[in-house]
Amino acid sequence: MTPILLIEQVLNGLQSGVMLFLMAAGLTLIFGVMGLINLAHGSLYMVGAFAAAAVSAVTGSFLLALIAALAAAAAAGAVIEVAVIRRLYDRDHLDQVLATFALILIFSEGTRYLFGSFPLFLDIPKALAGPVSLPGGIQYPLYRLVIILAGLLIALGLFALIARTRIGIQIRAGAADREMIAALGIDISRLYTLIFALGAALAGVAGALVGAIQSVQVGMGEPVLILAFVVIVIGGIGSIKGAFVGALLVGLTDTLGSVLLPMFFAGFMEPAAATSVGASLSSMLIYILMAGVLLFKPTGLFGEA
Amino acid sequence: MNLLELRGINAAYGPSQALFGVDLALKQGEVCALMGRNGMGKSTTIKVICRMLRHSGGEVRFDGREISALPSHRAARLGIGLVPEGRRCFAPLTVHENLIAAARPGPWDFAAVCELFPRLGERRGQQAALLSGGEQQMLAIGRALMTNPTLLLLDEATEGLAPVVRQEIWAAVAKLKRDSGMALIVVDKSLAELRGIADHAVILERGASVWSGSMTALDRQVADQFLGV
Amino acid sequence: MRRETLLNIALFALLPVTALAALLLDEPFIITLATKAAILALAGVGLNIALGLGGLVSLGHAAFFGLGGYAMGILAAHAQSYTPLLESPFLIEGTKSMPVIWLVAIIVSALAALAIGALSLRTSGVYFIMITLAFGQMLFYFAISWPAYGGEDGLSIYVRNGFPGLNTLDPIQFFAIAFAVLALALFLAGRLAKSPFGLALSAARQNPERVETVGLAPYRLRLVAFVISGAVTGLAGALFADLNRFVSPVMFSWQTSGEIMIFVILGGVGRLYGPVAGAALFILLEHVLGGLSEYWHVYLGLLLLLVVLFARGGLIGTLAGREVAHD
Amino acid sequence: EGKVKVGMITTLSGGGAGLGIDVRDGFMLATKMAGNADLELVVEDDQRKPDIAVQLADKMIQSEKVDVLTGIIWSNLAMAVVPAATAQGKFYLSPNAGPSALAGKGCNKLYFNIAWQNDNLHEAAGAYANDAGYRNSFILAPNYPAGKDALTGYKRMYEGELAGEVYTELGQTDYAAEIAQIRASGADSVFFFLPGGMGISFLKQYANSGVELPVVGPAFSFDQGILQAVGEAALGIKNTSQWSKDIDNEANQTFVEEFQAEYGRLPSLYASQGYDTANLLLSAMEKADVSDQEAFQKALEAAEFDSVRGKFKFGANHHPVQDYYVREVVKEGDVFTNKIVATSLTDHADAYVSECKM
Amino acid sequence: MTEPILEIRNLCKSFGALKATDDVSLSLRPGEIHALIGPNGAGKSTLIKQIAGGLRSNSGSIHFAGHDVTPLSTVQRARAGLGRTFQISSLAMEYTALQNAMLGALGREGRVMRFFAPVMGQRNLCDAALAALARVGLSDHATIRTAELSHGQRRLLEVAVALTLAPKVFLMDEPMAGLGAEGSKQLTGFLDELRHEAPILLVEHDMDAVFALADRISVLVYGKVIASGSADEIRADPMVREAYLGAEELA
């Protein structure tokens, strides 16, 4: 492999990491900070993508589509928080698992009912289409650079919100002891609804942004969900920085693994077997990474005991 | 007018009733000692006042209005501050974050709390979970003060504190009462210390208020009968 | 008698009564469903030992379910094609005998649980959920891409394996086998919960520090529980594979882990008969609602939601009141 | 007497539901048009889970007492159901999946495939690559049996060099790394098999990457149901199929018109396969009674029905011997669709027929 | 003078820059109550944790019943006979008081890998647990879930569990905290007798109790032992008065 290709693949890995962070950002808030296991997060991601596709089909405007994604996901988030999640904060994690699993079923099939069983069309705006040339002769899709930017901005914004503002402190305090923070005069229910809606909105925006270069279809949220959980857990629950680093690690591992492992095995195996073994191993790689990280740091890279 | 008034409070945890008609009244700037043996309902009464626990009978009036229907954050915003039993600091947050999480403007701010408890200033960036027991207790008190309440509920707030610190706290309480007219309900085990600070006392026995009167009226005989000392 | 005891008796009787009724009505498929419920309940009983008693929220139990399934698939496939499983260093032949397969399934999944548990139990809480998920996923991807036993396509066994003295192809007889295994597992799990080990394990869930200071090692308690739990779930996997005469990597997927967990939660975590209630209800819903509408998942979702929101402590918790199961 | 009960097990919920719905709709259209009251159909949703499919098969055989099973979309589900169904003496007509195991050693006299053997469309792509003069292909597919079959199928016909061969993760959504490899590989063409959402993602990302090598693939990523979601990115791409809506014969024209009239959308490949499956069955019902297994099998083997593909016949392993076309993605008005531009293989059977001993 | 059963030599523990225990040496002899007092955050609980095994020391050694137990884990030390109570109650909250006590009895017996026989049917365990509850005055509450006990009752249960272990040494971290005046008085009397079963290393802020009970008192300030001696000596020590006792009325 030429150095330039290697650099390009590293870039791809980082890019895919930032994209992962974008997808995990909302979950970082809801799961990482509020401490709520929300399996339906992937559904909110899907809601965003579908709302964007629907609006873009009608208006042709990507900006409007993004706004629609944000609004639809935030609204869906607020509704499920008030109707369901709110009753579950003081319950066992397992009740949250069951309830949000039920929400997945409702959202997935509800979306299919509304939009049919076939994938929808959502494309990147013309202005952002096509590649740009980076130094070193690397051709890189402009839109992906935009995604990187969006991911970085959201990472910074979240970090500031959680670590630097009083609202962030109150959310974390609420996660530690809801009853107590309420007894000190904080309307934790309203705050949580807001934050949940914000997390949902982030998921929705990610769904729309990423949906434009992937397929917008029912069930698109579930693989993302697992990946997002992996990212957050590797980084350490509750740490935005951790989630970001975790996302980059997973992105790099996944990309470079799928490129390098088959080459590695080709060194001493016949080509067909090498590609196949390499590919098998690379699909396991992020799980091996996660298990490895947790074995050495049982609370993730930046997590606290 | 009474700042706080409990009349005939009944309360239960699920099926098991813990309070059977508790009465208590308190004026602005007064300190009331809430006493009784272990398990008699002191903490339950405190929880009812700050609306952490919904009572099933009787009424709670604060500042002239019936607050039974309010959620606990609204009661807190009316000016009820709580130092709960067992500290309940926000374990993953730092000392500073614990203090400012729910702070409301007023004379008690971070600097003032650090003056009362210098230890908290020294440990400002440390996670609450890693504080010593006594430091956590200081933190819980500081946290409640930072909400600048007009009524402060201290449920075993000096548990686990060194004698010097306890003395400082009682001194601070006396000052609070004197300077800012804060009212307090204090649950504490040391009768001697309470005598120095409380105006009157209410004694609970099996969830009912069985004795109330001024601190001076609480003589040996009463103490012996209800508190076992 | 306590309400929960009565309820448990009713639940226990539910499956065989259904199966017998189906036999009388000549509805063999209902028997198959009852068998499926019994087997999945068995998997749930296994998980419940780790989850309910030990507080170990494993999202990787599909690993054991799948290993049990593949133990059956691989042994039976070799027996079917008359090729030995291993020739050197010693000869291992395939087999079509259920008891032998069960034994292998139990041993293999117990060993896997020992390895996975030994590593995973260094973590706790959500990290434990995710690390068990990771091990499950590793096996899943391995099974998908490992060509020797069919990869994603899985392995078909044309004829159900045999059990001495019984005709396993007859639905009611196979049901009887599955149900007997379930009954045995329930009995043992019930005893386990009340045993000294159960007391210590459950205490380790509530407060590991406390258990340490009385001189018991939470790690060891949990590891043992995890191994027992994995072995039971592995056995269920072997039975499940035999029910379908088919295994595939789907058995390893996180959705499978999730479903087993749903049975447990639905029935009531830590309730001995919770998995039975959960699995039975889930299968009932799946088959009743499935016929109603193409979008039946919506109704399933709504029903599950109602259960979580309004039926605290799962089905059994609601029906039996909030008494604690273990005392 | 003369009645046939058909059990259709197909995917009607969840991610892959579109395919199952099309197969079902195509099948039902044919039965409706035939108006044959002797054919009774029960449909069940397998949720794309093998174990559910197996249980549904059991249910249909044991409780519903069906004579014929059909409907399964996915190879792994077919592998789970077909051997057990045929072992119990039921006919199975596959409207989509054609795993090699069932075409070769595992073939069965009661099992008929009316779509293709899994390798076929890829073989057609390989043959087309030769015709188009590609000498250096980069090929990729997901890492699972059908993906391996796909690349094997392509390589079986393709005569040029390989610039690269990559197995991607099943369900992968980001193809930046693969596209970078393609760019760097010096390939002159790309062959890919990425069914469902994977293909949509790949095509969108490929179109946006600035790599402009010609792409060829099997029809699955370009079919009617999915094409609208790919959009412009698919325009002009060549794909191989045994069917296209512009195949010029009367049966096909009727099918396309009636399907549109009935369901308000253009038919897909899967709909055409479902439709042909039903017609094959109806044709056999004309000739034989299903209770006479041997006669009914003969009637099916004869395959005397008007296929939307024009000519259609079975090979010795009950898999199709048919023509494969090269289609190009075009835009008709607002709708993306395909038109035939060439024929890549004629009267093509599959590679496993010699292994089949019935 | 009898040989100490527990001896701590030059124990150190730092958290970052903070020296929580700084070269502490202490001993505990059979039959005595050795009180450890000191300001909040002085390192008393840290020291208890180090002795019980929950925290690894940076340096120093711990000798118990003639053995160097420094390398042993919490579990091993508990088995060797170190019984500990927590400053903040640490109990199995879903269990009844009796079940918590049974757990202690089970820990003492040690044979936990028994999967079949019901634990509640084991007479010896049950009797030991009930006896312990009775000794702290919780007999009436045996079948109440710990979560439903009041704070003070939990503190007593904490002591009861330690009793069921029948340890060779008690490490008690503020057992009086949270007890009412009456409760404290009773517990004081109880500990006074308990010392004959096993000596007690007692951390306590309740000076009435400390002065009434302690044979020896050590004062810990900023991780260092600044004074050690009899109750009267300590009471009179000006350094201790300033750092810890303050102007307290002497009872």
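We just call them A, B, C, D and E in the order they show up, numbering each chain from 1.
One rule holds for everything that comes next: contacts are C-beta pairs under 8 Å (C-beta built on N, C-alpha and C of every residue); 3 or more make two chains touch, one makes a residue touch a chain.
Worth saying up front: this structure is predicted, and the values here are computed from it rather than measured.
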Shared interface partners, meaning chains that touch chain B and chain D: A
Between chain D and chain E, the fewest steps along chains that touch one another: 2
Chain B and chain E: spacing of chain centres that average the CA atoms, whole Å: 28
Averaged-CA centre spacing for the pair chain D and chain C, given as whole angstrom: 36
Where chain B and chain C are represented by their mean Cα positions, the distance between them in whole Å: 51
Whole-Å gap between the CA centroids of chain A and chain E: 48
Of all residues in chain E, the ones touching two or more other chains: none
Multi-chain contact sites of chain D, meaning residues that touch two or more partners: 13-14, 17, 143, 148, 170
Multi-chain contact residues (two or more partners), chain B: none
Touching pairs - complete list by chain label: A-B, A-C, A-D, B-E, C-D, C-E
Residues of chain A touching chain D in the complex: 1-2, 4-5, 8-9, 12-13, 15-16, 19, 108-109, 112, 116-121, 123-124, 129-131, 139, 141, 143-144, 212-220, 223, 255, 258-259, 262, 271-272, 275-276, 278-280, 282-283
Chain A residues touching chain B - in the complex, by the definition given at the top: 166, 169-170, 172-173, 175-177, 179-189, 238, 304
Interfacial residue positions of chain B with respect to chain E in the complex: 13, 16, 36-40, 43, 85-87, 119, 123, 130-135, 137-138, 156, 159-168, 189-192, 227-229
Interfacial residue positions of chain E with respect to chain C in the complex: 52, 54, 73-76, 78-79, 83-84, 86, 90-96, 99-100, 102-104, 106-108, 110-120, 122, 125, 145, 161, 164-165
Of all residues in chain A, those that touch chain C in their complex: 37, 84, 87-88, 91-95, 97-99, 101-106, 108-110, 112-113, 226, 229-230, 233, 237, 276, 279-280, 283-284, 287-288, 290-291, 294-295, 298-300, 303
